[in-house]
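Next, two complexes with subunit A in common: one pairs it with subunit B, the other with subunit C.
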Partner chain A sequence: MPIHEKSLIRPEDLTEHEQLEIDGVDVSGHWSTFIETRVVSDYNERMEEEIAALPGGEYIHRCFQCSSCTNVCTVNDLNPDFNPRYWIYLARMGFEKELLRDKDLLWQCVSCHKCTHVCPRDVAPEGVMKAMATWAELKGHTEVKPAAAFDAEFTEQIVATGKIEEGRIIRGFFKRTGQPLNQPWLREMSLRLARRLPILMGLKMALAAVFRPRTRDWDKSRAAITEYIAEREDANRRALNLD
Partner chain B sequence: MSEKYKTVAYYPGCALEGTGHGYNRSTKAVGRKLGLDLIEIPNWNCCGAMEVKNIDPELQNYLSARNLAIVAEKMNVDTVMAPCNGCYHNLKKVEHDIAKKPKTQEVVDRLSQKAGHATYQAGEVETIHALDWIKEAIGEEGIRERVKNSLKGLKIANYYGCMYTRPRNIFPEKDQGEGSESTHNPHYMDDLLRAAGAEIVDYPLKTACCGGAHTLADSDTSTKLVLNLLQTAEDCGADVIATECPTCHSGLEMHQIRAEKEHGIKTSVKMLYFTQLLGLALGLSSRKLGIHENVSDASGLLKERGLA
Partner chain C sequence: MTDPILIVGGGPAGLGAAQALSAIGRKSILVEKEAELGGAPIISGYAKLVPSGEWAKDAIGGMVQRVAGSDLVDVRLGARVTEFAGTPGSFNATLSSGEQCQVSSAILATGFTHFDSINKPEWGFGTHPDVVTTVQVEQMMSSGKGVYCPSDGRVPDRVAILLCVGSRDRQIGREWCSKICCTVSANIAMEIRELLPDCSVYIYYMDIRTYGQYETEYYWRSQEEFRVKYIKSRVAEVTSDGNRLLIKGEDTLVKRPIAIPFDLVVHAIGMDPNLENATIAETFGVDLQKEGNIAQQFSYGGIGLTSRAGVYVAGAAVGPETIDDSIAQGQAAAMAALGMDGGMVAPSAAAE
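Here is the complex of A and B:
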């Protein structure tokens, strides 16, 4: 089993003496590495509750820290600082400041569901990651991250028409995040497709961009969903004592 | 041929009307060729993919419940087939949640009532993937009997992605011993394409993630994940990666190009939907299977192998 936790002691909590002798023994350098004693007094006692109240976070209380999630995590494999087990621990302990050191990583969960698949306690850590990212954003610790912007664009299109149209999603997302649509790789992809696509199919795709695909008689669903989202958003803000 | 799944409700989903159109075309063409009937769910809506759950998981459940309710109320079939892993996953998810979580039933009932349509109750409709559909209704023997143009000599890495097998609790029919699909080592695509004559390479990343949920939101991560999938497939000797999900498929295509454009790393393995490969073996033309609608251009390879 790989060791994931080596990096968890922060460099500022470690002390090393360049020259030190204890009882006649030379312990200079890394022989004298000490972890600073510390007393934590600035807990957020409600942190677990706050995350549990947000979409995806409801089973955080079940975690018994086995680290199966971190072991299988797709993103952890690319970046060891992305550590679901550790973050769930911090949230349950109320170590808000510690979690905030990683606030700009929380949104990077790719929803591969490996963690939820292996979790022996049915914590659904994938959902907890989403709840943590939402938590950091709602509390004003982070800006709206690209993943949240994508979720919002996607959801708004479904609410509006009952369906999504991929071209519109791409345009909407790039606009929301202030990125130019003219990315070399997107251009290359369109070119390759256009080269071989029959004219009729191309026409059909262009038409879909103008006449959006939609579910008929969606009005009442739209109204019900809009009301429900507003209700949930209120509940989220209340759970975090915002407003 | 078994009568099971001979006629099913068809839920193509949004991607199959867009970038996954080749999957849509080939699924229908293969169904017709095999004598199976697909009846599209009338007036379906988007399942919410991997996005709406982050706004609210029960709202995402409602979206899938609405589709299942249409099948239960208006269609004379008891099975819905979804070729897209995301759609399939979400239909399975609401089936699971509605049976296990009173809150899901409560939200689905409330929203359905306000929207003025029937609600959905657990167990009314069975959800299957396009793989289950062909595997159960036709089977390997049935495919072998119908092969006109064997895929012999074509080396294929089968890529199943995430949503077809994870998390295990929403797929109670998987991992049920011999004959059933496995969540840790899925094999239905292997079985079907092997029956069509292909050589299936041992591909250790068949259920690894392509980063599809963040394909645009975090493209650097997706490119890294996809590049690993492509290079490993090539290391395993594959000519083709067979796919069963439009998000995976277009993710592989997009990030193959992105890896080339942004990092100068070129890979040559081609992506084809498993239905396109099956269709070729059954003697359907590549045009009928929408192979020209893929970004990944496999026409040269297929011509060289006498398949197109």
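Here is the complex of A and C:
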């Protein structure tokens, strides 16, 4: 084994050629092991600005790395790799590659807001986490999460009628995520609901499901909401220099 | 006690003392070794001062004019004190011109010497033309030329300021914090960002000591309004890739080695004791403290008392000091020299 303590090197920094011959010498397999440099060779100077331009990220520049956010973090308690303080530093200084190593953790924030409550610098770290996840998604670093499909269905119904109807949301969500409607837990839940729900309430729900009532004079509100969403999405994309 | 009071040094502390003495109608003799008054802020060409943001040539220049224009202050430029004998109330000072002066007491406002960055060769000063000191950047700004790379005159895209160059460094016998460099660096960083909005400024630090009110006005304003970046790292070396400068070190918060290109690297140089302190101490018969500054006798009660009765000290002669505090100490020393020294007595006087 030509490299000792290989376990200390991040696996993505190790490359090997299965078949490689150099000057007539067979260096296949571990004989051609190459270690990528660990050295950070540049800052992404726009990164802090980009995240600050997304909703929730506005106050990222105030952070002085006290780690109050990480100390109270609900998710950090379960997974020590979930470290808002560290990510805020990376984003502020422009360590883009370092932050992207954790791209599959960023969105796991449960928005309990404990960090925002304790932060002595009013950074609102919960908002920053949201902005970072949005940033990673808009930049194409992470795929759209199932939760986003739920949000989309929810939003569409609100925009259409000003109301939501739970049954429809569940059906829409299942459809978007390619799940069958006939699931044991759902069947069980429906049965119990049918058994225990007051009759009038059940009737009301059934009516709502069939006739899809709308909030009175919804059109004006819908126009305003639609306009705001479009504005916001446009601003987000412009902030990130997309399109 | 109608003899004038001798003030040695025409910087902020000396000017403060001279101003105070002439304000109450007491004569003084101000001896300055350089050809002009003003001390470091004028002679080294500082730009905008902390904390008021006034230009040094206006703020300190104004003091110089008031002092030089006062009938009660006798200014001797390009002169030194070579001998100093006598007792409190009746000293005899000999100047380098041969002139003899009868003075009642003396105030040493002899200041400091800027750290010479050549003593930290690993950080590239003297090797790479685009490695400069905070004093040089001050001069660039105060001369009106703006901030540029000395090698080819181009405007920098990215500037690094390295803190604690010549401070807090046992390797080179300088254990002290120079007190002013963090705030001065934040001030310079904001000025660069104002002059060159497209230029990014990074400050490499170990601790930040923008003490007191400077926390909000300099440390945070530089980040919140001017987007200056602070990297916690004492860099290992400054080299060049042939094109730009390369800062190598570790980002200690990420635990990763860094090798980042920069156009201009600025050393935030510290304050050394005045190079001439040994001579000054011998001439005036006063003690130095272990780091080579003029030793003060008391921290409280009496300000500015040296080990010799009738000889007082003010400003950066006692250690790293800000300009505004130096002026205040000059005024305090003036009061002490007038006999209002709070009843504190220097040990040598107590022995007599």
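The definition used in the following text is that the second predicted complex is superposed on the first by the 196 of 243 C-alpha atoms of A that agree within 3 Å, B and C clash if a C-alpha of one lies under 4 Å from a C-alpha of the other, contacts with A are read in each partner's own complex, and residues count from 1 in each chain.
What we mean here is this: a contact is a pair of C-beta atoms (placed from the backbone, for glycine too) under 8 Å apart; a residue touches a chain by one contact, two chains touch by 3 or more.
The structure displayed is predicted, hence computed values, not measured ones.
> I'd like to know which partner A:E45 touches here: subunit B for first, subunit C for second, both or neither.
A:E45 contacts subunit C only, not subunit B.
> Pick one for A:L90: touches subunit B only (first), subunit C only (second), both, or neither.
second
> Just subunit B (first), just subunit C (second), both, or neither: which does A:P80 touch?
neither
> Who contacts more of subunit A, subunit B or subunit C?
When the residues of subunit A touched by each partner are counted, B comes out ahead.
> Does subunit B (first) or subunit C (second) touch A:H61, or do both, or does neither?
In the superposition, A:H61 touches subunit C alone.
> How about subunit B: which of its residues touch subunit A in the complex?
For this pair, the touching residues of subunit B are 14-15, 17-19, 21, 43-46, 48-57, 59, 62-63, 66, 107, 110-111, 114-117, 162-163, 165-169, 183, 208-209, 211-214, 216-218, 221-222, 224-225, 253-254, 257-258, 260-262, 292-293, 295, 297, 299.
> Where on subunit A does subunit C make contact in their complex?
On the subunit A side, the touching residues are 38-43, 45, 48-49, 61-62, 65, 86, 89-90, 92-95, 98.
> Within their complex, state which residues of subunit C touch subunit A.
200, 202, 220, 223-224, 227, 229, 231, 251, 253-254, 256-261
> If we count contacts the way the header does, which residues on subunit A are in touch with subunit B in the complex?
Touch list, subunit A to subunit B: 55-56, 74-75, 78, 108, 110-114, 116-117, 122, 124, 127, 130, 134, 145-152, 154-155, 158, 162-167, 170, 173-174, 184-185, 188-189, 192-193, 196-198, 201, 205, 208, 213, 215-218, 220-221, 223-225, 227-229, 232.
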